[in-house]
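Below, chain A partners chain B and then partners chain C, in two separate complexes.
This part shows the complex of A and B:
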């Protein structure tokens, strides 16, 4: 009797310390991530918010001016144009990347058509552009897009099409940048889609074939719904990327002519580091942050309607 | 769902942090919040004599290419022969744009890591003075024979371009201007003689038209009369030679709605779309146009002394230079660079001594062989080494008789981009010169009113 009484609290004590130990270990495991987040992400975000309430040129101490920077935005006509560019660019770049990525993935997934080593070659070739830094990619495209010396206009010329001012006209500048973005990023989407496709259970297709479904029916009835989680992932990653597109614009057009191919992020960069208007740039960054967050939340919310988890 | 949202927030935050520029400003309170030493205090310093045994550390904030860096290190070595116990740290930036350079300087200063000596150019002088990045040097020069000898050897225009409110802030080291470079072989083959040094816009167009050709008969021009330099500094000589400028002489007001400015911008559009003697200037990056100039595809190009470095490296010598063509007056643009003392420096007098070495005849003679810039000292610019190439190399220093400093208000970075952004629309043939300059004028006025 006395033994059990003695044993009881001992056992309780041990299990408590176990729990604590486990908790401490857990916290220790996430500590580096949390620290990294606080130092490299949360800190800068808070600093950005603080600077957005100041007039600050990096050389003199920041001066608190309240919400003046945010008020200035309302009268900023350039902001309107660069926001419009960003929307046009993001929507077209993301949808084109996804459509082409998906088509390429589906084509490569037709095991019967091509021997596997050729498939691997195609996969590597399509994936390759993502490995090269955008700055080099853009420099090469710059030659291709050149009005008088460029390869693209040369071939268009053979088809008796007048040379297009790819980079030097407001009409085409943004289109050129979309083309480069899609070319560079389509391989990544393709790879993700390919993985998604290979995870789909073949039984579904067999069952559908027995029921006499055609290939289009199989694609829309089986492939697409089962690929929807992958689709959502690709959409979000691509949207975030596209919203931040920046280096291709600097190299290809410098944002011009005028503001024709300037994105919001490039605009923010220029305000901060060309005009040294850190306060206004920070305010713009805060707004962009909120917009991306809201858009992503909307994407996630809407996705409940069309994404099917197996 | 909640977890997902939190996760997403983290992803977004990371992503936002990844777009760097926005998130990088140093969180620390900048060191500049302490009042920097006043210029008056600094002027008392030169009275003391520097001992050769002095022990100190100097930090130079500098820019240039790899050649420049080697030249600077040699100058520092010479300084160390006189002052062996002074440790000199050279913070050298291989930068491409002023904005980038100033941004890095700003970050350093904000982080509390300020230098003793700052290397800057005309474009940044007013900005630097406004932001207390340099002190006036007049007192130091007055008490230094070497300093006076330097100023006697430098054209007054250059001293003005490194001064603000009548005080000199930077010791002139080197400078550059804009000239017309022409391919002598192409001129010869077309039977065109070198025009007079007082040639006009009309002469320029006439020659350029003669040299613009479709040699293979495919209906497309393949030899061009001119490669248009397309950046603020490169466009400015057209304004100056038409008797106008982007801003008023005091650099306080926009001058972009001036009829002469509109006329100049119209002329630039005409060069491409009316006379068709130059390709549309977008994406003709300077290196490519130097290559095409050397290969004879461009008969003329605009540039300072810097392309000569490229010509030398490629054994190209069939070129010469001409002054900028004039419409209303003979004029071109120039910008100088020099060394200034940072107000927070604890060794200002020593810093001045090192600066004198950085602009000594010996150091500048070495920059000549690098071929990039024109030495600030007349004696060096008139040396056989500098005059060796091209035939009319004397025109470079000679241009200081009529050249004007680049329009550089404290808001230089923003002002020049406003002008170029609106000029873009004209050069893309999408807007009239008048509408574009009105738009630019409004924007510049709003900026200056801030």
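This part shows the complex of A and C:
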């Protein structure tokens, strides 16, 4: 109460024209961003929704057909496989990234006794792939996956494993893309986990040791529960990324063989810019939007919780 | 973990006839630095032009975002105007829209403006970035209010406060945004794939992909030399600003 009373006279000193000036400056400062948002985000979302209710090939003006595109989806067998691929890819890529990221973070955290420059080298080596464009990463792995000349099959051969047709068989195509995703993204998750681990109060571990807890017990009893907000958060971030993975698929397999490694995003791209079936592609994009929106809302809720947690 | 990059680099230095043989060779027997010369000055694939195009697009997008995001971030953090909060919330909601949802209408807009197959299609829609606005707003919120009030009493106008006081203090946040935006734009493959069709307008990712189409079957050493050259700037930036990049990316990830 006293605070408001004190603040009152100060405010009255500001003249009306000063307030106006501040507001006008504010609007001018946000103008470029708001304009960009309206023209290139908000407008396009509305337009995509409208296109999703039309038949549109860019040559003729869009022709309104109601919810026909959405009805067509139900009978689209390719969409069924594409959605299944997207789910399989996202779930496996995300869970593997998290499991390996966590293991690496715990291992690195145990070795905090190492000289700090060695720790830094580790951090850099794991972090670097995230900065390199997926297209280049995929081009390197494309050669690594080669059936006869690839590095991977060569070393598998030393272990007496028959050469695998990584990119050419429907059994392994999606697996190959998952491997590349995990390799590229695991370092980033590891760093987030490492930050989380270092925030855990050491007293908990000391107390547990006094009670005679082993390292596994400490991991499942202390580390994992205290890290859970970070874990969930990393999971959502990775799911959003994995859901939109495009570059590695178009480079490594082009979605093939057949539709074996085609994801929803790649399918949308091909419908829109190869077959110019913009209406149907828009309807697919709206579905993607819905899924991403749900994931993001969960993330926002979780990160609020996360901030509160600390 | 680093092996694919080691392989890339060593392959890029091998003679075309020896690269990509079984068993894989990790150290070249003959150091063919001429591969780099061949790739860079090859007529079929104008490598230097691709690099310049990439630099131009990534540079302009980064500069654009630094300006628009810092202006808006400052306004949202430190200026009072009606409707501020709900405008900010509406803008934030834009963070959850994947590019595939907007790409068709943006394509239509660019076609109407006659900007398909120009760099403007890669620049204009990304000249502002809600995440950047958020990042800088968070920073400007940490500036003490008194600083601004004092400057106001001394007769500085809001533009001067932004340009002379707030902006210089925001350098670390601006650098973080610049690095993230630059790398993302430099690395982007999807947008040029949609918008760019003629060779002279291609950016590096698209150009290097075409390098693969030219040499992929024959000389893999040349393809890897091209990839190495494209990865090099990222590596250099990373080594120079490693700490800041990692911090910036971690901070970025926390909010989205």
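Following the convention adopted for this analysis, the second predicted complex is superposed on the first by the 248 of 310 C-alpha atoms of A that agree within 3 Å, B and C clash if a C-alpha of one lies under 4 Å from a C-alpha of the other, contacts with A are read in each partner's own complex, and residues count from 1 in each chain.
Here is the rule we go by: a contact is a pair of C-beta atoms (placed from the backbone, for glycine too) under 8 Å apart; a residue touches a chain by one contact, two chains touch by 3 or more.
Computed from a predicted structure; not experimentally measured.
Enquirer: Mind working out whether A:268 is in touch with chain B, chain C, both or neither, as first, second, both or neither?
Expert: The answer is both, since A:268 touches chain B and chain C.
Enquirer: Is A:258 touching anything from chain B or chain C once the two structures are fitted on A? First, second, both or neither.
Expert: first
Enquirer: With both complexes overlaid on chain A, does A:137 touch chain B (first), chain C (second), both or neither?
Expert: second
Enquirer: Touch test for A:82: chain B only (first), chain C only (second), both, or neither?
Expert: neither
Enquirer: Just chain B (first), just chain C (second), both, or neither: which does A:147 touch?
Expert: After superposing on A, A:147 lies in contact with chain B but is clear of chain C.
Enquirer: More residues of chain A in touch with chain C or with chain B?
Expert: C
Enquirer: With the two complexes superposed on chain A, say which partner A:168 touches: chain B (first), chain C (second), both, or neither.
Expert: first
Enquirer: For A:276, select first, second, both or neither according to whether it touches chain B, chain C, the two together, or no partner.
Expert: first
Enquirer: Where does A:128 make contact in the superposed view: on chain B (first), on chain C (second), on both, or on neither?
Expert: second
Enquirer: Where does A:247 make contact in the superposed view: on chain B (first), on chain C (second), on both, or on neither?
Expert: A:247 contacts chain C only, not chain B.
Enquirer: Per the definitions at the top, what is the overlap between the chain A residues touching chain B and those touching chain C?
Expert: 37, 40-45, 47-48, 51, 58, 146, 148, 244, 246, 265, 268-269, 272-273, 278, 281-282, 285, 288-289, 292-293, 296-297.
Enquirer: Show me the residue ranges of chain B that touch chain A in the complex, using the header's touch definition.
Expert: Going through chain B, the ones touching chain A are 4-5, 8-19, 21-25, 27, 29-30, 32-33, 99-100, 102-103, 106-107, 109-110, 131-133, 220-221, 279-280, 282-283, 411, 413-414, 417, 421-422, 424-425, 427-428, 430.
Enquirer: Quick check on the complex: what are the chain A residues that touch chain B?
Expert: Interface residues on the chain A side: 37, 40-45, 47-48, 51, 56-62, 142, 145-148, 165, 167-170, 240, 244, 246, 252-253, 256-259, 265, 268-270, 272-278, 281-282, 285, 288-289, 292-293, 296-297, 300.
Enquirer: What residues on chain C touch chain A, complex-wise?
Expert: Residues of chain C touching chain A: 1-2, 4-5, 7-8, 11, 20-24, 67-69, 71-72, 74-76, 79-82, 84, 87, 90-91, 94-109, 111, 124-128, 130, 133, 157-159, 162, 183, 186-190, 193-194, 205, 208-209, 212, 220, 223-224, 227, 230-231, 234-235, 238, 242, 245-246, 249-250, 253-256.
Enquirer: Show which residues of chain A lie in contact with chain C when the two form their complex.
Expert: Listed in rising order, the residues are 19, 21-27, 29-30, 32-34, 36-37, 39-45, 47-48, 51, 58, 120, 123-137, 139-141, 143-144, 146, 148-149, 151, 154, 183, 187-188, 191-192, 195, 233, 237, 243-244, 246-247, 250-251, 265, 268-269, 272-273, 278, 281-282, 285-286, 288-289, 292-293, 296-297, 299, 303, 306.
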